[in-house]
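Here come two complexes built around subunit A, the first alongside subunit B, the second alongside subunit C.
The block that comes next holds the complex of A and B.
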């Protein structure tokens, strides 16, 4: 049989396998390094450059992390903000996206332009702080959720996805006596699960990684996110070690494996979500990308 | 131009909100210089913003025993504003936003080290928003003896506001606790004397490398990062970045002593007596590992690293012993030691707080020997010896954080048994700490003053300096041949402008 011009040669396939194996290793190794570093003693960590597997296993770093209050507490905040925030984000983004698919919406272009405006410009720290302070949101968990309730970019993706659905579905629902809310929740959302899962994942990752808000709009240490605790821990080094600035007292040096264990604790929960949403995710990222 | 507009905007915002705030507070009863005092029986809510509340691996907890003790003693209820900010930059941004929203904390950290921090301090002082510490001391000389003695120290002058008064209590940072440690067992084994200067150090390193007592492939001296060569540069130039010459300050970067220092380090590098990874390895990890594992015989580090080094090194080699080079270890010109000033940053009190005088009483207490004793040994009956072990100082109670926040005593001034016993040789460390205050060292005279030219050009100058530092030491550039190019590049980067301003502003 004649070989097609576009059929890849064996050499090309082997090259691809090698290339992507190397690429996969380069991507995976830092995470593996951090994981192995978190479960070996400091003496082993400090004497090795490449970490492939642990010779001696110790969970001392994890014990230390969970015996202090800051990380378990921050983990709890992250779960609350991520679960609660993502549900509200999805709800309000869906509502906004659905409304913007309606051509009969009064001043639709004007409202849509306003939404686009927020993508291009932001107010800066001081006006934001003053506004949130006036709304009584400073130091409230709502500050993680309300100011970013609708991400315009995600809303546009969702809107584009809704616009691709056959209009006939809505029309037949209307004939059967369904109102707009019913159409959205009974027809549109159930058939848009891939995009809901995809946008939900985007929101969940955003909520999980909240740092800026925790630094500037939260005063109570018990309400900061895991990223803020990590930020404080990972960057906590003595300036005289590398920079020509005045040295400071007070901050204790953090053992490396404690930092590594914190990274694992912070990334593992959100990583664990991916496999469950994988099947939606691949489909979802394509939906909304082209309007046909 | 852009930065001036931003600065103008920032200052305007602070002024407008400050004025609004004063108007809002004007109906409250005050006494004396507008300082309100309340009944001592009335509990005072005190909100605190300080960068050390958010830059450690463990924050200060509000229900810690020390906090409770202080709250009871002064009838105050602390509310610590948490700003996760490892290097402190976000603290002043947040403080700026809080002030703009009319939300000034009662006790706040002040600093003169960055544009924003300095503007905040000077502007709040100029707008009469901070308690005038100088005036309080003048009016109540017997009430604040410890704060008074602190601000009388000439080294504290850099914290004066533009009107010449103190609106902050400078934090006692203490001089650098940097040490040069050496494998004492190698010295003994090879029959060598403890080196007292750079020349002797060269000879000792040579012996170490040639003999390689632990048989690990010894490369002599290692440092966490190139920054640590400042100690060596001071030994050759007599200064840290600036040195007195003919009655005025000149940059050490272009001094002949610096050329000699580069030559000295280059010779160590060439002869294999200096860690070849000194500018690429991971600070506070790799150099410690190299010393502990017997690959380096001499290390520049901080005294706080010594206990763990002493503990780990004997796991690798049970015979290993760590010695300390003398505190007056010197170069051809001067002591090979640099340090920042005694004071660093400070704590201020919001003048229109409910009872600023009581807050100043509280700070006065923290500056006292009584408080120092409390921080060192804990509260009587509350702590066991176990609680105060060094290993426990990552969790509540966390005395070093308390000290840092309130800025009263640095751990280096701690000669308590509880602190010293973490070292293999507590007496040796006690002597070292006691010598720190009187030791010769080079100080950077311009730090903390925020000179315009330094802010504008320092980064560029440092970039050139660091580039040549590596090239000269590694031999990539010939020191004699490239010296003129190096000095010209430094001048082009702004060194001359910096020097001009330093000479204008400071007299040695």
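The block that comes next holds the complex of A and C.
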């Protein structure tokens, strides 16, 4: 019998490569379209159907959005929330994941199920709003960080990863007189860097993409995130309108291209770090998925 | 008397001894308790205290009096919500959108993962994976921006193509009958690629010996997929399906919120967007709390029932 019987047939292989080429193109092209659309002169944007590469480059749209106050300010908020938030997220998530791995913790299952239950039942927007407003968090930057300090799902992934570490490491540290906090910071964290990088990336992405906190709990225009600014921008240029909202001529370049440039600004930082972290998160998700 | 004092003395000594063992365990684990209390403080403050706020559903809430002091309203708001045609319309929309997503979005990553696994060129496979994971990391607002720029009436890509061929422009985003399809397709676009990651992990975990045995039995590639790969990843499929059901009444709130508009309310308005408008925009706190509570209770019931069902049928579950 020919070996090829067990191999995928040639026709299937070709089909498969074409399928993924198309799927990859469909996935990537919108980003490319918006990027090219943001750096070409407006006259070209309106006359061309398919944008493949920029012929004439202009950064007019970027100059415009960075000379306004909303985007630079929102960018600042995003950096603060992403950096500060991710550090605190990681710290507290690690703490929780580590505590819940400890078999000697009295009533461990009870505490753990209290944490799990919060994934299954949530109180809804209004009770959350009332609670946060009682805490005085409305319009405070802390509202971006505190209510989502521990993502229980990420915490479980991290816990699963900690549980797979060899027990001997901890025991020898204990004999050397190390307490639990010392063990966590000197042993567990240093040997768990891939999972820390993965969960860190997930948190950073979540914080960077923060929209609802800004919409629900922030009224102060100076404290909204980039996504919220972009959201307002999308809402103000109604895509269901049959004519551009601003009259023809020079001013008409603004809405569409400013939107494109803002999309790029809101996306680029993620796209920039993502390839470097990819090998970590693939590994990290694999570890976590062994038993979710 | 002497006896008694002796026994009470023993008792006291016993008490001291046991007390000291409690103290000792506490001493021994004091750092652990410290960490636990920090963690539980978070869960209580930001998850369990808001659950107390669910009482709003049974009260005539006044901002000045707070939750506790506001007068009881009984089931007044439940009656109001359950007799409101708007409420049932958003429930229907939510159920339909979620059902379409489960029917059309849920299987895509499974199929993609199986096909990805068949790619023979490692470099091509890596490149494809890098690209298809990417949309997972951008926000729904950005995706909405991309969707609008492709679908908008005046200068959207699709309409420019339509006009190029001399046809009538289509107002995709203002057409209620298109809205759910737009939701489902953009959901696939954003999440299907990332969804493959976990299935690929599961496929990698299947023992090679099974495939070898199947080859000996004369099973071709397709039959191997059907009889080994699929059963091999079934536990993963079930777990993800249950997790999906847990989100059933969300229907992708983030997505709907950034993409819907007044023209498509009739098909696009869902429970969460409705609760948001009623509560935060119109200030009907109690009404919106009832809507949220309804959603949470049904959601919890769904996930527990699904878990029980699948445990019985397939033996896999999540709890």
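Note that the second predicted complex is superposed on the first by the 255 of 292 C-alpha atoms of A that agree within 3 Å, B and C clash if a C-alpha of one lies under 4 Å from a C-alpha of the other, contacts with A are read in each partner's own complex, and residues count from 1 in each chain.
Everything below uses one rule, namely that a contact is a pair of C-beta atoms (placed from the backbone, for glycine too) under 8 Å apart; a residue touches a chain by one contact, two chains touch by 3 or more.
Quick caveat: nothing in here was measured; it's all calculated off a predicted structure.
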{"item": "Dominant contact partner of subunit A by residue count, subunit C or subunit B", "value": "C"}
{"item": "Subunit B versus subunit C as contact partner of A:218, first or second or both or neither", "value": "first"}
{"item": "Contacts of A:129 with subunit B and subunit C, given as first, second, both or neither", "value": "both"}
{"item": "Subunit B versus subunit C as contact partner of A:145, first or second or both or neither", "value": "neither"}
{"item": "Contacts of A:16 with subunit B and subunit C, given as first, second, both or neither", "value": "second"}
{"item": "Contacts of A:209 with subunit B and subunit C, given as first, second, both or neither", "value": "second"}
{"item": "Contacts of A:95 with subunit B and subunit C, given as first, second, both or neither", "value": "second"}
{"item": "First, second, both or neither for A:231, with subunit B first and subunit C second", "value": "both"}
{"item": "Touching partner for A:258 - first (subunit B), second (subunit C), both, neither", "value": "first"}
{"item": "Partner chain in contact with A:68 - subunit B first, subunit C second, else both or neither", "value": "first"}
{"item": "Common interface residues of subunit A - those touching subunit B in one complex and subunit C in the other", "value": "46, 125-126, 128-130, 134, 216, 231, 234, 238-244, 256"}
{"item": "Subunit A to subunit C touching residues, read off their complex", "value": "5-9, 12-13, 16-17, 19-20, 23-24, 26-28, 30-31, 33-34, 37, 45-46, 49-50, 92, 95-96, 98-99, 102, 104-106, 111, 114-115, 118-131, 134-135, 146-147, 149-150, 179-181, 184, 205, 208-209, 211-212, 216, 227, 230-231, 234, 238-244, 256, 259-260, 262-263, 266-267, 270-271, 274-275, 278, 282, 285-286, 289-290, 292"}
{"item": "Touching residues on subunit A, where the partner in the complex is subunit B", "value": "42-43, 46-47, 67-70, 125-126, 128-130, 133-134, 138, 214-216, 218-221, 224, 228-229, 231-244, 246-254, 256, 258"}
{"item": "Sites on subunit C touched by subunit A in the complex", "value": "25, 29, 31-32, 34-36, 38-40, 42-43, 45-54, 56, 61, 66-67, 112, 115-116, 118-121, 124, 127-128, 130-135, 137-142, 144-146, 148-157, 160-161, 164, 169, 171, 173-174, 189, 193, 197-198, 201-202, 204-205, 215, 220-221, 236, 239, 246, 254, 257-258, 261, 263, 272, 275-276, 279-280, 285, 288-289, 291-293, 295-296, 299-300, 303-304, 318"}
{"item": "Touching residues (chain side subunit B, partner subunit A) in the complex", "value": "13, 52-59, 61, 79-87, 90, 93-94, 96-98, 100-101, 103, 113, 173-174, 176, 178, 224-225, 227-228, 230, 283-286, 288-289, 292-293, 302, 304-305, 312, 315-316, 340, 344, 393-395, 400-401, 403-405, 410-412, 447-448, 462"}
